[in-house]
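Structures given as structure tokens follow.
You will see subunit A twice below: alongside subunit B first, and alongside subunit C after that.
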Partner chain A sequence: MATTTATLTLSSDMLSSPISISASSTLMKAGITEGLELIEMGRGTISEADASKTAEFGLGTALGVDKAAKLFLVNKATDPTYYIDVDIHDTNIGRLYAGDWMFIPWGINDVASEIVIEAEPAGATCPYEFALFQEPQTLVDHS
Partner chain B sequence: MATTASISISSDITENVPFSVNASMTMYQAGTTLDLEETTGLAQRTFSGNTTQVVLIDVSANPAITAGAGGHKVYIRNTGTDKTKGFKIFLADATDDVEEIGTLYGQDWMLMPWLASDANEDIMVQPSSAEKMTIEYAVFHQ
Partner chain C sequence: MATLTPTLTLTSTDATADQLSFSVTDSLSVTAPHIGLAKIAATTTGANNIIQPATDGQTYYVYVHHTGVDASGSTVTTTLNIELTGDVIIGKLAAGEFMFMPVGGHSLGVQLQASSGTVVAEYAYFTKA
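This part shows the complex of A and B:
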């Protein structure tokens, strides 16, 4: 069985009693204890002139219903004012500013669950890297 | 007042080309290199006898967050160990349209940016089981 492990270390001294979080998860298929079997990774660049684009990875389809997936995405820009707006379909999750990363479970369960990215503000260019881990989607017969 | 987060992912899905990625970030205010200065602290909520979708993080309960789009970050973890049970995580947009993000099974965690520029942009969860399930979460915001 393939083993994929994601570990988080987070610390914050905002409070008088500092926050320290350590979390680790072995990424499994939905509802069972078998490891994810597909990996897709890469790098791209998006500029503000590109407007909003559907990300080229992990296109959602109905074949992904009830399948598990995890997405890692990082904005590799160095200008702190440059950010990537990240949407799932038409809902804006938030902004990945230069150096920010995100790691989320991703329900790739229909065509309206695609990840959409957009570089901002005017003139911004943001290199990014991604890694997508998922279980195989339902296979369909050749037609 | 620094808040930092590091991720390490390793995988042997591709047997001959082992994969690993490491990334670290300091959480800054939007468009600056000024540290985030506020947090909800680490919170925990336990569900029992409930499999309906409920609000976990209410934007309206955090007025400072809705002051405008910022560099907010949200951490959520399913503290259970049962990989057969999960929390579906949802996010609403300004028009109150709800989108599913994905499911956190036992021990799964997530860290994501959060726009939270409108009172409707709450984060909701839905337990898959009526049995006792616990989730922990924290918001780091401007």
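This part shows the complex of A and C:
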């Protein structure tokens, strides 16, 4: 069993007293105390101006329904005006500006839950890196 | 204008033959309004547990942590849905798990929904400057 630990700290000088938040958890399969053991990592570049405008990864399938998954995604662009729109299927959930990252649970609730990323605005080119932690899916027989 | 510094570390000694050790940080310019740190006993109706207002072109940096207890303080193993308002599911947190993400580029808020009973969550959000 794999044990992968994620730790997050948030600190800010927004208030007169410093803000400090910390959380840590082990990435587990859904409903059981076994760790996520399938790790998919990758990097790429998407450009607003060409056919590589969008990228999809971690495709949701019926086999993945109700399984646990965690997604880390970072926009490695250096131009602060370049951002990556992040969608689940056709619903925009947020945007990552240059250097920003996210760590979220990904709900593979149906086959229309793929992660889609898109470089914006016009002329933007965004290198990105991702890591997807998920459960192995039991494949059906080939027909 | 203030700065929010998030740092994420992912480590494992046995997920792969080679050890996994990864850390990333960022320096985010943030401004009011912000909420942090707050607590909510989320119920099974997401619309009753909106933790971040609808965006109006701005981006919010949102943190949510499933505390592993319900409203009475009893330990729970039920999951907590992270949703955009309108019941758009992003994902679900198990007990003890957390998430951090920028929400924006649309006109939706963020709501929490327990899979059953109640789940106490801690949350914070900061507005991108």
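In this section, the second predicted complex is superposed on the first by the 135 of 143 C-alpha atoms of A that agree within 3 Å, B and C clash if a C-alpha of one lies under 4 Å from a C-alpha of the other, contacts with A are read in each partner's own complex, and residues count from 1 in each chain.
FYI, a contact is a pair of C-beta atoms (placed from the backbone, for glycine too) under 8 Å apart; a residue touches a chain by one contact, two chains touch by 3 or more.
Just so it is clear, the model here is predicted, and its values are computed rather than measured.
Superposition of the two complexes onto subunit A shows a clash between subunit B and subunit C.
When the shared chain is aligned, subunit B and subunit C each come close enough to touch A:Ala131. In the superposition on chain A, A:Thr81 makes contact with subunit B only, while subunit C stays out of contact range. When the two structures are aligned on the shared chain, A:Ser47 is found in touch with neither subunit B nor subunit C. More residues of subunit A are touched by B (comparison of subunit B with subunit C).
Residues 2-14, 19, 21, 23, 25-28, 30-31, 35, 37, 39, 68-69, 72, 74, 88, 91-97, 99-107, 109, 113, 131 of subunit A are contacted both by subunit B in one complex and by subunit C in the other. Of all the residues in subunit A, the ones that touch subunit C in their complex are 1-14, 19, 21, 23, 25-28, 30-31, 35, 37, 39, 68-69, 72, 74, 85, 88, 91-97, 99-107, 109, 113, 131. On the subunit C side of its complex with subunit A, the touching residues are 2-16, 20, 22, 24, 26-28, 30, 32, 34, 36-37, 59, 63, 65, 77, 79, 81-82, 84, 88-94, 96-106, 124, 126, 128. Across the interface of their complex, subunit A is touched by residues 1-14, 19, 21, 23, 25-28, 30-33, 36-39, 41-42, 69, 71-73, 75, 77, 83-86, 88-89, 91-93, 97-105, 107-116, 128, 138, 140 of subunit B. Per the touch definition, subunit A reaches subunit B in the complex via residues 2-15, 19, 21, 23-28, 30-33, 35-39, 41, 68-70, 72, 74, 80-81, 83, 86, 88-97, 99-107, 109, 113, 129, 131, 133.
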